[in-house]
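So, here's a batch of structures to check.
Consider the two complexes below, in which chain A is the common component and chain B and chain C are the respective partners.
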Partner chain A sequence: MAPATSPRSSSYADDAAGLGRGRAAAFVAPALVLVAVFLVFPALWTLYLGTTDYRLTGVAASRPQFVGTDNYTTVLGDGEFHRSLWLTAQFVLGSAIVGQTVLGFALAWTLRDRTGPLRRLVEGLVLLAWILPGSVIAFLWIALLDRDAGTLNALLGTPGTAWLLDHPMACVVVFNVWRGTAFSMMLYGAALGNVPPSHLETARLAGASTWQTLRDAVLPRIRGHVLTSLLLVSLWTFNDFTPFLITAGGPDHRSEILSVYVYRTALGDGRLGFGAAVSLIMILVNLVIALLYLRALRGRSA
Partner chain B sequence: MAGIALRGLTKDYPGGVRAVDGLDLDIADGAFFALLGPSGCGKTTLLRTVAGLETASAGTVRIGDADVTRVPPGRRDVGMVFQDYALFPHMTVADNIAYPLRIKKVGRDERHAAAGEVAAELGLGTLLARRPGELSGGQQQRVALARAMAARPKVFLLDEPLSNLDARLRLEARTFLKRLQRELGVTTVFVTHDQAEALAMADRMAVMRDGRVEQVGTPAEVFRRPANLFVASFIGSTPMNLLPARATAEGIEAGGAVLPHPAPGVTDGELVYGVRPEYLDGSTEPVEGAFEGRVAVVENLGSTSLVTIDTGRSDRAGELVHVVVGEGEEPEPGTSLWARPRPGRALLFRDGELVGGRLEKT
Partner chain C sequence: MTARTLLRRIGLATFLSAVLGFFALPLLWLASAPFDASPEITASVPEFTLRNFRVLLDNPYALASLRNSALLAAGTAALVVTSAALAAYALSRVRVPGRDALLYLLLLLSSIITGTAAMVPVFLLAFNLHLIDSRLGVVLVLTGGLLPTAIFILKDFTDATPPSYEEAARVFGATPLQVLRHVVAPVIRPGLATVAVWTVAQVWGDFLMPFLLLRDPDKAPAAVVMYTFYTEGGQPDLPLISTFSLLYALPVVAMYLLVSRRYGMRFHGGIKR
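Presenting the complex of A and B:
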């Protein structure tokens, strides 16, 4: 297929990059191998493990038996799993959807036409929570909430209050709101930049309240951003493991969200097959969440 | 129905930019008023301050009998059309027009009836169920107008109403706006940087520069008797000839010619002689009291041509003088042309301000 005018072209293929199938495949191969080894294989392995009684130690570790759907029926009938699912729902609704999204939007809206030191200070602090490593901020929060020498008790004048023991779920929710608000704030900040000032001013001229302005001029414009942000934040929060670093799922499993539950059953109790089954259920829940949002997004363009 | 009165109006932006500088202006009830000026002159800021979208740093804004300087925009009873029309894309035309009424908590049926009525006035009756994205530029503009009209405000404010339309539509919209304003009789202020637009549409206009008003008057006054050199050079589709001049015993000397003095008695100060190219009569024969020069460029304007002559001679560098000549009278480049100012059409400026010429009242 080489053009007649170009004698050297025999060594070049006629695709856009001039590579040809063979060389193109060679370039892509390392990435594909990495994806296969670290993503596809573990996923398939988990699928397989979920159907066995594979354990970390003991007889079943060396000779796992195929148990069919036993793990799944056990999980779905397990009260601890039900509680964990309910805690995860609280965690996602409270910290991701209500907390991060509402607070992030409120910050972005308040700061939208502010400039100067105040804005930079708020943005800097919020971003700091976002970029610090999880282990570091977990330590910071433990120090903040500590019963005997905690900063919060010193500030509130409530010495001896064991926040992490008395309100573990609330602590984890507030912690995650604090940690993840930056993403929503930045995303909504960029989205609000897309709302033409004249639309906001049209609302102002008509005498609209803040709520009416948001309803008529802003939200219809940034609906796609809102849905995308909600999708990402819900999935991240659903799978988040950082709360484990603060409460370790306790006390008495009262903050044991699903990711922690999987960790405890698979590695703590050593029931790898069982943990794999729970993981698969988590993936299915993620898929459902993603499909719901994608459907809402598509409804917009229709 | 209400006039607008501005007193000492000043708008400072953070960072020390003064967009409007101690401005006094009266706009009569029912007037179609143009704010004209180059970009950055503060005309849009002035309009937005009247609307209440910007807060005045000093001075007062009165609409009708009320001092509205500190009144939020929603309670000033003004309707505004933005340059980009600012129609809500997710609402139908009817909902867009009814929007201000919806905010004012007018019932659904009542506000749709009102929207239908306004839409019919503007020839939008058949488009009520469409969305803005399905309309042409001209239709979108009329929807924006209809929305501004829906709440029957005391004052209309239009920000660059024609700038988003293509050239042919612009003429149509100009006529349409002028007729509509006359029919409604509502005080209307519009901002433009296009002097032709201001001259064509407005009853009265203010020419602005650097946050100040340079001249207020009817388009005819501003065109015929520009108050200063800035207005003289800004108004007119072909720029006015402005030549440094010197008073002599015989009259006034400018561009190498001795011409009749437009303002006898004015001899001192830095004088500038001004005459519009349209008011110069070109002649290929020598004429007394006329600019003489070699034709440098001939530009076809359609029914007329703009001829640029160079009044320089071998012994002195000259100025360029623009002359408008009729169809079929275009001289050849390189030939000599004499350009005689029509009596009573020339102006004289001293230190930048108009001192004489055109004594007849308009």
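Presenting the complex of A and C:
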């Protein structure tokens, strides 16, 4: 008996499972619908919401009015928005671009040819900071920095220093360095594996200092990794909501980065239309970072 | 040993001890307070006891919230794995024009439309769909955000399996769904496990979406309940907070150890390619 053949058997190479276009579409449909409704639609809807006076309660909640670009002019002229933007810049630059990257690279470099318990201990602690749930970590930092009985004050012998009240933004920046260094450490660890050992050996024999070795032998090899990881950690840090769990933007809005600002204006004050305008600005910032990232990737593979 | 190498050694040791101290310091409290007979905010060597864990049973929200977290994580993982596997399989096996462009576009969208940036439209969408205070709403919103990456990872796995098994199964009259369940799924099981574990880890730690979308404290997952434990007025209940933190954090550590032991310290992150 001849093996059963299907009418599509000639296209095995294109369709080995015999799905056919119709069934393939049915297989893709659930995922596409979920993504379309719960990811793409909200982003597109923001374009409309940002042009209304939508509010959480009151008349404008049931019958929002079209207000054109009013929200955008209000946002862009809002002093609180400017301050929030400036704080966000400090947060991203200080904790992600400088803090996590420098510390992560330094760790990857120091640990590169080390094995044994010390390396496992360091890596384990750095990773723990990265994987533990945000709300647990947030309380650990509140406890650490507590004014009256915090471990930091006990250690430094500075009882009564209210770190979170006196220097909220610095606390949040240091916290995020602590929280996110693991990613840079692992990424640069993998990248350093691509630097041929002979290059480093040559540099050592030529009597190059560590700084010269890094600049001339290592950096050219990992430049692509540095660029892409800088963009990724910027994107993640820009969208991080964990500072809210520690300072809630306070005291007196002094640590209110954009992610907290949008929460406070839209859901705290109930100005949803205004918040949607801020949301759109944040999505656009994300888009710019993501496009730069894609360009950097293309440059790396070229 | 020259003076220079000696200096270098000292510098290195100082650097590593400083790093160890910096990363260990906040974690000390989590290691000591749950077992301390009279826990304080300051981390200290505990006067050992396990009695603190009893307060977990007395608090009406503690254990229930862990169950809520498990429900949200399991629901999201089930939905993400099934719909991503179906989609990845079809996209891997049937050539559709613009397929790769579509995948990259979805991936780009999922990285720019984050929960933080889109919290206002997501909240309003859930409000209009009557999904506020519904676990299903949280599951659906989280699924939408995680799916593109899940499809991307799984398509890598299905692309790597040869179609000859499926052809053989077809010859014996299996339907495409049977082929996927009994032939393809066992082969790409590591991929399915990766996506499931990754989803559970994301949902388990997520604070923003349940904080935004759930109202009833009986439905709140551990991330939100933890936050209310220390922000609600009055003296924080340290025996409760410390033991609850530990119990809530342990599954993440266990999952991480399991994955890294099973598949090695491979670098998955969010940055495959």
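Convention: the second predicted complex is superposed on the first by the 272 of 302 C-alpha atoms of A that agree within 3 Å, B and C clash if a C-alpha of one lies under 4 Å from a C-alpha of the other, contacts with A are read in each partner's own complex, and residues count from 1 in each chain.
By our rule, a residue touches a chain if its C-beta (ideal position, glycine included) is under 8 Å from a C-beta of that chain, and two chains touch if they have at least 3 such contacts.
Please read these numbers as outputs of a predicted model, since none were measured by experiment.
S.K.: Which partner chains sit in contact with A:A43 here, chain B, chain C, both or neither? Use first/second/both/neither.
M.R.: second
S.K.: Just checking: does A:E201 make contact with chain B only, chain C only, both, or neither of them? Give me first, second, both or neither.
M.R.: first
S.K.: Mind telling me which of the two, chain B or chain C, contacts the most residues of chain A?
M.R.: More residues of chain A are touched by C.
S.K.: One more residue to check, A:G250. First (chain B), second (chain C), both or neither?
M.R.: Neither partner.
S.K.: Tell me which partner A:D146 touches in the superposition: chain B (first), chain C (second), both or neither.
M.R.: In the superposed model, A:D146 contacts chain C only, not chain B.
S.K.: According to the stated criteria, A:G224 is in contact with first (chain B), second (chain C), both, or neither; which is it?
M.R.: neither
S.K.: If you stack the two complexes on chain A, which partner ends up touching A:A276: first (chain B), second (chain C), both, or neither?
M.R.: second
S.K.: Is A:P64 in contact with chain B, with chain C, with both, or with neither (first, second, both, neither)?
M.R.: neither
S.K.: Please name which positions on chain A make contact with chain B in the complex.
M.R.: Listed in rising order, the residues of chain A that touch chain B are 196, 198-199, 201-208, 212, 216-217, 220.
S.K.: Would you mind writing out the residues of chain B in touch with chain A in their complex?
M.R.: Counting only chain B, the residues touching chain A are 51-53, 72-75, 78-80, 82-86, 88-91, 99-100, 103-104, 147, 151.
S.K.: Can you tell me which positions in chain C touch chain A when the two form their complex?
M.R.: For this pair, the touching residues of chain C are 12, 15-16, 19-20, 22-30, 40-43, 79, 82-84, 86-87, 89-91, 93-96, 106, 108-125, 140-141, 143-145, 147-148, 151, 163-164, 166-167, 170-171, 173, 176, 179-180, 184, 201, 204-205, 207-208, 212, 222-224, 226-227, 230-231, 241, 245, 248-249, 252-253, 256, 267, 269-271, 273.
S.K.: What does chain A use to touch chain C in their complex?
M.R.: Touching chain C: residues 3-4, 6, 12, 14-21, 23-25, 27-28, 30-32, 34-35, 37-43, 45-46, 49, 54, 103, 106-107, 110, 118, 121-122, 125-129, 131-144, 146, 148-152, 154-155, 178, 183, 186-187, 190, 228, 232, 235, 239-242, 245, 248, 259, 262-263, 266-267, 272, 275-276, 278-279, 282-283, 286-287, 289-290, 294, 297 of chain A.
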